[in-house]
Structures are given as structure tokens and as C-alpha cells.
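What follows is a set of structures to go through.
Paired with subunit B in one complex and with subunit C in the other, subunit A is shared by the two complexes that follow.
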Partner chain A sequence: MDALILQFLNGLDKGSAYALIALGLTLIFGTLGVVNFAHGAMFMIGAFCAVAMQSMLNISKVTLDPTKLDFLGNPAQIRTPMVESLFGPELGGSIINWSVPLSILLAIPVMLALGFIMERGLIKHFYKRPHADQILVTFGLAIVLQEIIKYFYGANPIPTPAPDAFRGSIDFGVLIGYAQNTIIYPAWRLVYFTFSAVIIAAVFAFLQFTTFGMVVRAGMADRETVGLLGINIDKRFTIMFGIAAAVAGMAGAMYAPINSPNYHMGMDFLVLSFVVVVVGGMGSLPGAVLAGFLLGVVESFASMNEVKSLIPGIDQIIIYLIAIIILLTRPRGLMGRKGVMEE
Partner chain B sequence: MSKFEINRRGLIKSGAAIGAGLALPTIFTRNAYAYVNEPKGATVTLGFNVPQSGPYADEGADELRAFQLAVEHLNGEGDGGMIGTFSSKMLKGNGILGKKVAYVSGDTQTKSDAARASAKSMIEKDGAIMISGGSSSGVAVAVQGLCQEAGVIFMAGLTHSNDTTGKDKKANGFRHFFNAYMSAAALGPVLKSLYGTDRSAYHLTADYTWGWTQEASMIAATEALGWKTVNKVLTPLAATDFSSYIAPVLNSGADVLVLNHYGGNMVNSLTQAVQFGLRDKQVNGKNFEIVVPLYSELMAKGAGKNIAGIVGSQNWDWKLEDEGTKSFVKSFGEKYGFPPSQAAQTCYAQTLLYADAVERAGTFDPCGVVEALEGFEFDGLGNGKTLYRKEDHQCFKDVLVVRGAENPQDEFHLVDIVEVTPVAQVTYEPENEMFAGGNLGKCNSGA
Partner chain C sequence: MLGLSKKDTTFLVVVIFLTLMTPILLQPFPEGSVLAQFNAGYPDLMQRFAIYGIFAIGFNILFGLTGYLSFGHAAFLGVGSYSVVWMYKLLGYNVVPGLLLAVVTAGLFALLIGYISLRRSGIYFSILTLAFAQMSFNLAYSVLTPLTNGETGLQVYTDDPQILMGAGSPNSPHFFGIVMNESAKIDVGGWQFTFNNGYYFCAIIAIIVFYLSLRIFRSPFGIMLRAIKTNQTRMTYTGLNPRPYTLAAFVISGMYAGLAGGLLASMDPLAGAERMQWTASGEVVLMTILGGAGTLMGPILGAGFIKYFENIFSKINDDILHTWFAALPDGLEDAIVFMVHPFIGKGWSLTLGLLFMMVVIFLPGGLIEGGNRIWRLVTGRSRNRNTPGKDAQHHPKPTAHVN
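So, the complex of A and B:
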């Protein structure tokens, strides 16, 4: 039973990332009708916002220490972070230690701006083009973005640790009445799941309870009529593109301690996230979230040794197998709307 | 008016005469085109096939730096690096056989088909007479096969699978880097002294040629110590989140996790294993331990503090104290500003070894080079006394057992050397079952 609970937690955690990316993809598709293959790159750039924040906070004053030698026998360089010089070693050290959560403050404006530039500069020119063209141009954009990141940060993963307070694991079993040391789970993964739940709830609340959200929902349902009412729906959709990019960016930034960021991490998530969107139903926000968590949990259970011993390799195909079954039995996905991508 | 008539007998006679006529000049000029890409001018071209894009691009960049440095030293530029410490004194800094060394580079993309295409282009279009480099066993095996067919020498870069000099060995291919068997043989005694003989190991293994041979080698070595193998689980090469594979380890009864992973796989699986609290866990009354059989400095950097205390093996480390290492680190460090990786060292050494073999053979003919390299014993290239074994073209030398640094002195100090395992301990018979099934075949000069 403890193994099942552990895999369930893993599934929720994986599902959090899938759901956050798929939510952004669906927002863009539902509002602008664009199939955005560059969305994985938004996730990756978000993770690199965490790397950039860590680097900025570690900008150091360099002094030479003649008592220590470097690998060539020259006086060693001693680096003192400017933050520590400004705020003292204790507070400065704490700020550096919390660089990943702090990177959210960087990720939001960067991703909003990037989303805005992408939409106005490139993607708007492809609204009336076939989906195949949109896929090609956004996929090309994703490759360009990842090569830019590789140029500046290299191809190797960059360690971006969580704050010390969340670096270890917690005894989750004790919290739910199990014996000690039976269900140990990484603290940061629980933080990530909570963070995802808050972001997903915030996006839904924004769409559900604000006038802006109401107009966007109306535009998603019938763009033309909303336009005829004199509302500049394009402007709102552009903002939604930025919000979707920001959601992916925040998801990426907070994911950095789980998988050390590398330039390719967006592509690793992209295909899975598209499967999530298709399973959830193109254009359905609740469908994207539901399918994200569902596929995350199923994928985790499929990785169990007991399951793999029955069906070897099932962990690698389970998501696609489910997608096939869902599309055969419910062609519009779990919560898809009639008419979306069916013209 | 005469009439031209042709009959069967006449045709055969004429054909024989024309054939003999055409063949005659080649009898006297055979040496002019004795082997593929024979250098005719004042330069000789080497082909460096390294990953310049893809996940191992940084490792590839380091290999390329080492190749460039080796070419400079061969041409008499710079401080000469390990040419001065190399036991063979054939290299004089005047190129190879008096020809200035030029090079071309290609991008393997860490994909076998791309690597083959790139090597083919360097051989056919650029006239490369030797191909070297690479950072993956799949690529090494593929390019080695191509070089054998094309008739050029392949001096492998970073490739650690037993298969490269085992079932996939080729007469034209040579590996300086160590292999999975050697890692396990070196790690065995150290693991015994550190963790004892009563241990239960759980293996997570990358699902491809290198992972399989690494897992088999580690299981053989640890079971010989008395360890039990609790489970061995293959993980997809493309996996990034290993939580589903690590979670079952927690309550499996295992007290050691062996991560037969490399590159990004290693960074992520190790980081996540540490996050799951495995290193703080007590199982069977013992501290839970993690072992990473193959270390790479660049990957260790990616794993950050998570490598502290984790044991693994390396082919070479810049902190070794021998004269060859010191010279190489000085040359490389002064040129690039940081110490070289083991991938760089093996590529540099392979270039010098090739050049030296050509000098000793007195020819660029691949068959002459093969003969010169087979059974060649040397020293002074950073790994101590080394033998290029004739039977499988594998280098036999000391292997390093290392441990992730607990208190790194600087950003370059990633691992501490635990032990330099003597070559005798990692040597195996050519017929060893882990290397069975292959055949070197005959050298091919492409003539």
C-alpha cells in the first residue's frame, strides 16, 4: 500500500507539471486558435529564469588570495557575492539560498514580455494559416529559443537547488498514520504540487470571477459576436498569450530543483503535454488539468516493477496507449467541445 | 574496301590485350595510391568527429579543445604538452612524417546516423586519414564500423561500453578510454572496503548498449564480493523524471543504489535519489549508499552538491600528480582557463598515439599504423604505463576510483581520488565472456 501511495504522490507531482503546461497550451489554443509548439520552450525559459536569478545573486567581487593556489599554481580567486557584501553574510546567504522561489519575480515579467513579443511579432501572422503552418513555425521558434539558451548556458544541466529548508525529504507516511520511514517524499516535490494547485486555481478564478476573464471566455465561445459588441478581443487574447507563457514560465522556474535545467527540457515535456491536451479535449481548460493529473498518475503506476514484470516496457507507452483508447472511444477527448479543430 | 569483322575468339583476345594494357601501369605505380586518402602534399588531414550539438555538446567542445591543442603541439606550436613527457620520442613538433597537421571537425549530434554521415563526409570530401572523437558508445561503434569499411583509422574518444572493444571491435579501431568491465573491477575492492560484503544492491540502468554492459559488469563484480542483487530496472534513455523508478527502491530492502546512468540521466537520477532522502536512510542497520560507476566531470558539475560522497570511477583526473598530467593540465589550463576533462585527455592522448604510430611505422598506411599500435607499450600520457593490447585494441592502464568532493576547494574540484587501481586488477583475458562474440578481422587500408 505504501508503494501505491508513493506512486500516487509521484503521479500527482508529474501531473502538476503536465497540467500547468497543458493549461497554457489550451489557453492559447482556446483563445487564439493557435497550436503552439513553442510552449515547451516557455517552460524551459522559465527554468532558466531560476538559473539566471541564481547567477545574478551570485555576482561576486573577486579578490586574490596569495595563501591559496588555483589549479595552475597562481593565487586563487576568492569570490564574495555582492549580495553578501550588501546585506551581510547571513541575510545575503539566505537570499541566495532562496533564489528559486525568488526567480518567480523574474519569470513573470520576462515571460509576459516574451509571450507578448512572440504573439505580436510572429504568431499573429499565422492566425489564418492552416494548423500545419502554425505547428511548423512554432516548432521552429522552439528550436531557435533552445539554441539561444544553449549558446549562453551550454548544453549541460545546471544545478539549481531548492532552499535548504526544502532540500531534503519529509516523512509523509507519519502524516497519514503510517509507521515512520515507510513513505518518504521529497519536500520540494510537495511544494511543487501545492504551487501548481494554487496557480491552476488562480487561472480558473481569474477566468471565472473577473470581467476580463468573462470577456475572454465569451471570446473563446464566440469571437465574432464579442468583436461585434465593440470589445477589442485581440488585445485580450494577446494578454492571455502572455499569461499562458507566464504560467509555463513559473512552472519551469519552480521545476528547476527537480530536474537541473538544460536547454532541451522543454522538448521533453512538449510532446507529453500535447498528448495531455488531446486526451483532455482540445480547448478545454478543465480537461487539460484533469488529463494532466490522470496521465501523470497512470504513468507512475505503470513504472512500478510489479506492472512492468507483467507487461515489459509498459511505462514507456502507457500515455500513448491511453491517448489511443480515449481518441477511439471519445474522439473529442475527455472534456472536448464540439466543433473545435473539426472544421 | 576492307570489312571489319569481329568474332568471339577475336573479342577475347582483344579484351585480354586491353586489360593487360590497362593493368600494366598500376603494377609500377601501385604505391602511388596504396591506401585511401594518402597525403600527397605538405599537409595531412585528421578528422575530429565530436558532438557539437545535442546533450553532450559541452563534452564535445572540450574534446575539440584537446584536439586543437594536440594539433598545435604536433606542429611545434605552444609548449609541446605531453609530447615532452611521452615515453616514445618520435614526435619532434614538425607535424607527422614532416607533414603539417591540418584538421576538419564534424558534428556527431550524439546520433549514430549523423555521426556516420559526418565521418563519411570528412573521409570522402576532406580527405581525412584518421577519425577520432565522440562521446557515446553507440556513436563509437557506428563510426568504428564505417572507418573499417572506408579504410581509415578510428581512434575512439569517450566510449565506455564493453562492446566497443568486445563484440563490435574492428581492426581499424582503437580505444584509449577504459570500459565498463574495468570500472566494475576497480570499484569492487573499494566498495568492499567502504561498505562491506553484506550488501543488497538495486540497479537502475539506462536502456541501451552502454547501460546493459555497465550493469552486467557491476553485478558480476559486486556479487563476487558477496553482495546480493535485489533488482535491476531498465530506465528509458529519454527519461528525465526518475521518481517513479526511485520510489520502489525505498522499501525494496536494498541498501545500495547503483545508477548505471550517464550524462543527463545521471544528473537527474542522482539528484532525485538524494531528494528522496536515500542518502539519509538506514536500511538493514547500514547507511544507504549510492554508487555511480562512471563519473564525468561535466556531469558531476551538473549534479552539484548531490555528488558529495558518491563513489564512482574515472579514466583520468586533472589532479593526478604524474609529469604527463601536469604538462597537459598546464598547456590546457593556460590556453582555456580551466582544467581539462577526462574526455579531453583521452582525445589528446589518442591524437598523439596516432601520430607516434605513423612516425614509428614510417607510413600513413592504416595497416602500418595498426601494426605499430598493436602491442604498443607507452608511458607519460597521464595514465601511467599503458598497453594497447593486440588482441582487442583496448588500452590497459590504471583506473581511478573517485568520490564526489565533500568540501570542494574551488569550482573545478569536483571529485577526490580515492584510489588509483593498478592495471593488473582491471586486466581481463581477451576471451572474457563480457567481450565475446566479436572479431577484429583484417585491417583495411581502403586500397
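So, the complex of A and C:
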């Protein structure tokens, strides 16, 4: 039983990432009707926001200390990060330590801006083109974004540690009444899960309880009528595109400690996220979230040794297998709306 | 001739001529000259032109004619490679049994995947094929290791049975004694031309499959496929079931991909799982779109274009750039080199991505359409001569079912 709970928890953090990316994909798809293959790149850029934040906070002033010598006999260089000299070593040190959560402050404006530029500059011209063209142009854009990041940050993964406070593990078993050391779980992953739950809840609340969200939902249901009522729906959809990009970016920034960012991580997640969207049902936001967590957990269960010995290799293909079965038996996905992406 | 119209025969003859003369045509600069690095007439690259040309021709039969965008064709490429290497291991280094097996297994595999995937269309079809290809890739890496040798890649070992290996047979891939990696070098003046057996083997196969695809394009079957692309609903109303046609197109293009994969292994007796990864599927999509989907020559041009620039561009480095712009004032020279730097060498993928985006945005017909536009500009012929009038009623906009 405790093994099952552990696998369930393991599935949640990957599931959170899937759910956040799939949520953004579905937002874009539901509002603008565009299949965005560059969404994985948004996730990747978000992760690199964390890297950028880390290196920005570590910009140091180099002072020479003539009293100490390094092994070559030169005066030792002492690097004091600017932040430390600004806020004092105590506060400055903890700011540097918390660079990953702080990078969200960087990720949100960057991703919003990127989303706006992308939508206004490129995607706008593709509304009337076939879906194949949209896939192709965003696929090209994903390659370009990925190569730009590779140019600046190189091809190797860059470790971005979580704050010290969350670096260890939590004995999760004790909290729910198991013996000690049965369910040990990395603390940051719990943080990630909580974070993604908050973001998902915020997006839903925004759509459900604000006037803006109501208009957007109306626009998703019937864009033309909303336009006829004298509402500038295009502007709102552009903002939604920015929000979707920001969601992916935040998901990426917070994922950086779990998986050191490299330039092709977006593509790896994108393929799976598309599968998630299809399983959840094109255009259904709850479906995307549900399917994201579901597939994350299922994937994690499939990688248990007991299951693997029963059906070898199942952990590698389970997600795709589920997608194929769902597409063939329930073409609309788990919670798909009628008339979305059907001829 | 050969069941082709006069125009097509001329076209085919031109293609045959160009293909056979490639080792000379791609070697326009004498050895040792500054521009020699732009020569592409070396065996490895020419083989790639032919092989990826075949891959793209096959992909074009599916995507160009029916409009179904498959993101999983690399799976067939991989299956083809594995088949050939297995035949090396079991029978011997003659490529013929391997290539036959490659085409057959890829065809069967395509039949299975196509039968399932083609029940859906549009983006769902793309994702289904992508899912199948990723599944095959993951399996090749993990459980199927006895068949695929996992990460190491499949290769021939000395203790393999190779039952048809005679005492005198060559110890590398050959076609009834013609060894693939042997080539004849001819020096003419400052030029050196390499005539490689492997290239000519691939080239002859490429010509044959090009001829087949030409026949398919011109056949009633091809027209049926085009009808599916234009308006599948109307086709169904006419009482035709499009499924068998699309499935046939899918299997044919799968067999082309299997053949291309087999040829890859015929040139270099190795097969790795990374050939099945979805980036490889993406590459053939790039080639076809870049050249011009739905045209006969487009995919081949696209394949050649990408493979050529991949090889040449990635070899250019800052030093070479400095020699090129040496005539300019120093500051300007440095500035230009600095600007160009991200796009060359390792940055070739960036250039490719940008180029691909430009083509999709401005030139949906690919390089072929670009060529046609320039041709019309040069000859001064009006562009709108053959396009239908503005009468929307009689010329309804075809709704592509890929919508």
C-alpha cells in the first residue's frame, strides 16, 4: 500500500507539469482555434527564466584581497554578489538561495510579452489557414526558439537548485499514519504540486468569476456572436494567449529544480502534452487538467517493478497506448466538447 | 514511353540525367580553390541526397496528395534499417534480401498503423501517428533490445551466422559483388570526381521509385487521392469510400520510408533507434514542405537542399567568414561576422527553422512555387491567367479536410 501511495505521489509532480502545459494548450486552442506546437518551447523558456534569474542574482563584484594568495601566488579574488552588497550578506544570501521561486517574477512578464508578440506578430495571420499550416509554422517557431536558447546557454543541462528549505525530503508516511521511512518524498515536488494546483485554480477562478473570464468563455462558445455584441473579442483572446504562455512559463520555471533545464526539454514535454490534450478532449479545460494528472499517475504506476515484470516495457508506452485507445473508442476524449476539431 | 505522356517522358529523362550526372554537377569548383568547400560531390552526401529524396518522395505521396500530415514516418525508416541489418547478420552482406525485407516489413507495419490511425483525420491523425512512432522508438530503446540492441544500435558481429557468406564475398554491404563503399576517382584538370558504387545504387533505385511516384501522380488512383485532399465529404457523397485509398497511400509511403531506411543501412551497416525519433519524422516534413508538397520535384529538391546546407553550412566557421569579408574595413568585417555567426556552424538548425517558417508563411507551395513565381516574373506572364474568377458561387473555396 505504501508503495502505491509513493507511486501516486511520484506521478503527481509529472502530472502537474503535463496538466499545466495541457491547460495552456487548451486555452489557446479553445480561444483562438490554433494548434500551437511552440507551446513546449514556452515551457522551456520558462525554465530558462529560472536559469537567467539565478545567474542574474549571482552577478558579482570582484575585489582583490592582497592578504590572501591563491595557488598561483596572485591576490585571491573575492566575489561578492551584488545582491549581497546591496541587502547585506544575510538577506542577499537568502535572495540568491530563493532564485527559483523568485524567477516567477521574471517569468510572468517575459512570457506575457512573448505571448503577445507571438500572437500579434505570427499566429494572427494563421487563423484562416488550415490547421496543418498552423502546426507547421509553430513547429518551425519551436525550432527557432529552441536554437536561440541553445545559442545562449549551450546544449548541456544547467543545474538550478531549489531553495535550501525545500532541498531535502519529507517523510510523508508519518503525516498520514505510516511508520517512519516508508514514504520519503522530495519536498520540492510537493511544492511543485501545490504550486500547480494553485495556478490551475487561479486560471479556473479567473475564467469563472470575472467579467473578463465570462466574456472569454462566451467567446470560446461562439466567437461570432460575442463579436456582434460589440465586444472586441480578439483583444481578449490575445490576452488569453499571453496568459497561456505565462502558465507554461511558470510551470517551466518551477520545474527547473526537478529537471535541469536543457534546450530540448520543451519538445519532450510537448509531445506528451499533446497526447494529454487529446486524451482530455480538445478544447476542454477540465479535461486537460484531469488527463494531465491521470496520465502522470498512470505512467508512474506503470514504472513499478511489479507491473514491469508482468508486461515488460509498459512504462515506456503506456501513455501513447492510452491515447490510442481513447482516440479510437472515445474520439472526443474524456471530456471533449461536441463539434471541436470534427469535420 | 513507359506509359508516360511526352512532357512527363522529357521530365523523367531530365531527372535521370541529373541524377546520374550528380557526381560531376555537384563538383563545380576545382580542388584547392576557395570555393571547394561548397562542393558536394562526395559519396556520403550524395548517398544522403538520394536516400532522403526517396524518403521525401514517399512522404509526399501521403501528405502531398491526400493532405494527411503524418508525424510518425520515421518509424518506418527505422524498421527498414533494422530489417537490413538483420539480414546482414543472418544471411550475409548482400543488400538485396535486406532491402526486400525492409520494404515488406515497413509495408506491413504501415498497414497496421495506418489501419488504426486513418480512422481519424486532421490533427488527431497527426497525433496518432506521432504516438505510434514514439511508442516504437521507446520500445526499440527498452524492451525490444534483443531485436534492436538498444542504445548501442544494431550491428554485425563476427559470431553472427551469415549463412550465405561465401569465402570470397566482400566483408561490407554489396550488391552481388559490387561493394557499396568503393568508388572510382577521376581527375580532370583541377577537378576530382568521385563515382561511388553506393551512390549509383541508391540513384538507380531513386529513379525507379521516382518513376513509380510519377505514375501514381498521373493515375486515376492519384486523382482519387487528390480528391480526398480537396473535399473528402463530397467524395463520400459520390458514393466512394476514401478509406481504402488513403490506406493504400499510407502503406505506399511507408514502404518508401522503409526502403530509404534500408538504403541507409546498406550504405553504412548500422541501425540505431534514434532514426525512429520524432525529430526524424519532423525532418521529412520539413523537406517536403520546403521543396513544395504535392509537386513531383519539390520533395527531392527539399531533401537535397536541407542535406546540402546541413553539411556545408555547419562546416563554415568564423575564420572562413573572415577570409570572405577580408576586403571590407576591419570594423565592418567584424560586425558582419558577428551578425552571421549565430546562423552558421552549429547554428544551422536556427537557419533551417527560420527558413522553414518563412516558407510556410510566405510561400506555402515551397521552393517549387518560388521558382514558378520567379519564372513568371522573368517571362512576364500574368499570374492570374489560370486562376478562377471572383464568382464565389461557382468557385467555392475548397475546404481542406485537414481543417
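Assume the second predicted complex is superposed on the first by the 329 of 343 C-alpha atoms of A that agree within 3 Å, B and C clash if a C-alpha of one lies under 4 Å from a C-alpha of the other, contacts with A are read in each partner's own complex, and residues count from 1 in each chain.
Simple rule for what comes next: contacts are C-beta pairs under 8 Å (C-beta built on N, C-alpha and C of every residue); 3 or more make two chains touch, one makes a residue touch a chain.
Because the structure is a prediction, the values reported are computed rather than measured.
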| message | I'd like to know which partner A:P159 touches here: subunit B for first, subunit C for second, both or neither. | response | first
| request: Would you sort A:A76 into first (subunit B), second (subunit C), both or neither based on which partner it touches? | output: first
| message | Is A:V278 touching anything from subunit B or subunit C once the two structures are fitted on A? First, second, both or neither. | response | second
| message | Between subunit B and subunit C, whom does A:V137 touch in the aligned arrangement: first, second, both, or neither? | response | second
| message | According to the stated criteria, A:P109 is in contact with first (subunit B), second (subunit C), both, or neither; which is it? | response | neither
| message | For A:G88, using the defined touch cut-off, is the partner it touches subunit B, subunit C, both, or neither? Pick first, second, both or neither. | response | neither
| task | Scan A:G227 for contacts with subunit B and subunit C and give back first, second, both or neither. | result | neither
| request: Scan A:Q316 for contacts with subunit B and subunit C and give back first, second, both or neither. | output: both
| field | subunit B and subunit C contact sites that coincide on subunit A, given as residue numbers | value | 150, 316
| List of subunit A residues in touch with subunit C within their complex | 35, 122, 125, 130-133, 135-137, 139-144, 146-148, 150-151, 267, 271, 274-275, 278, 282, 312-313, 316-317, 320-321, 323-324, 327-328, 331, 341, 343
| note | The residues of subunit C that touch subunit A in their complex are 67, 69, 116, 119-124, 126-128, 130-132, 134-135, 138-139, 141-144, 232-233, 278-279, 282, 285, 289, 342, 347, 349-350, 352-354, 356-357, 360-361, 364, 400-403
| request: Please name which positions on subunit A make contact with subunit B in the complex. | output: 2-3, 6-7, 10, 13-14, 68, 70-72, 76, 150, 154-159, 161, 167-169, 181-182, 184-186, 188-189, 257-260, 262, 264-265, 268, 299-300, 303-305, 308, 315-316
| remark: Interface with subunit A, subunit B side, in the complex: residues 53-58, 231, 233, 236, 238, 240-241, 243-245, 247-248, 250-251, 264, 267-268, 271-272, 275-277, 280-281, 298-299, 301-306, 318, 329-330, 333-334, 338-339, 409-410, 412
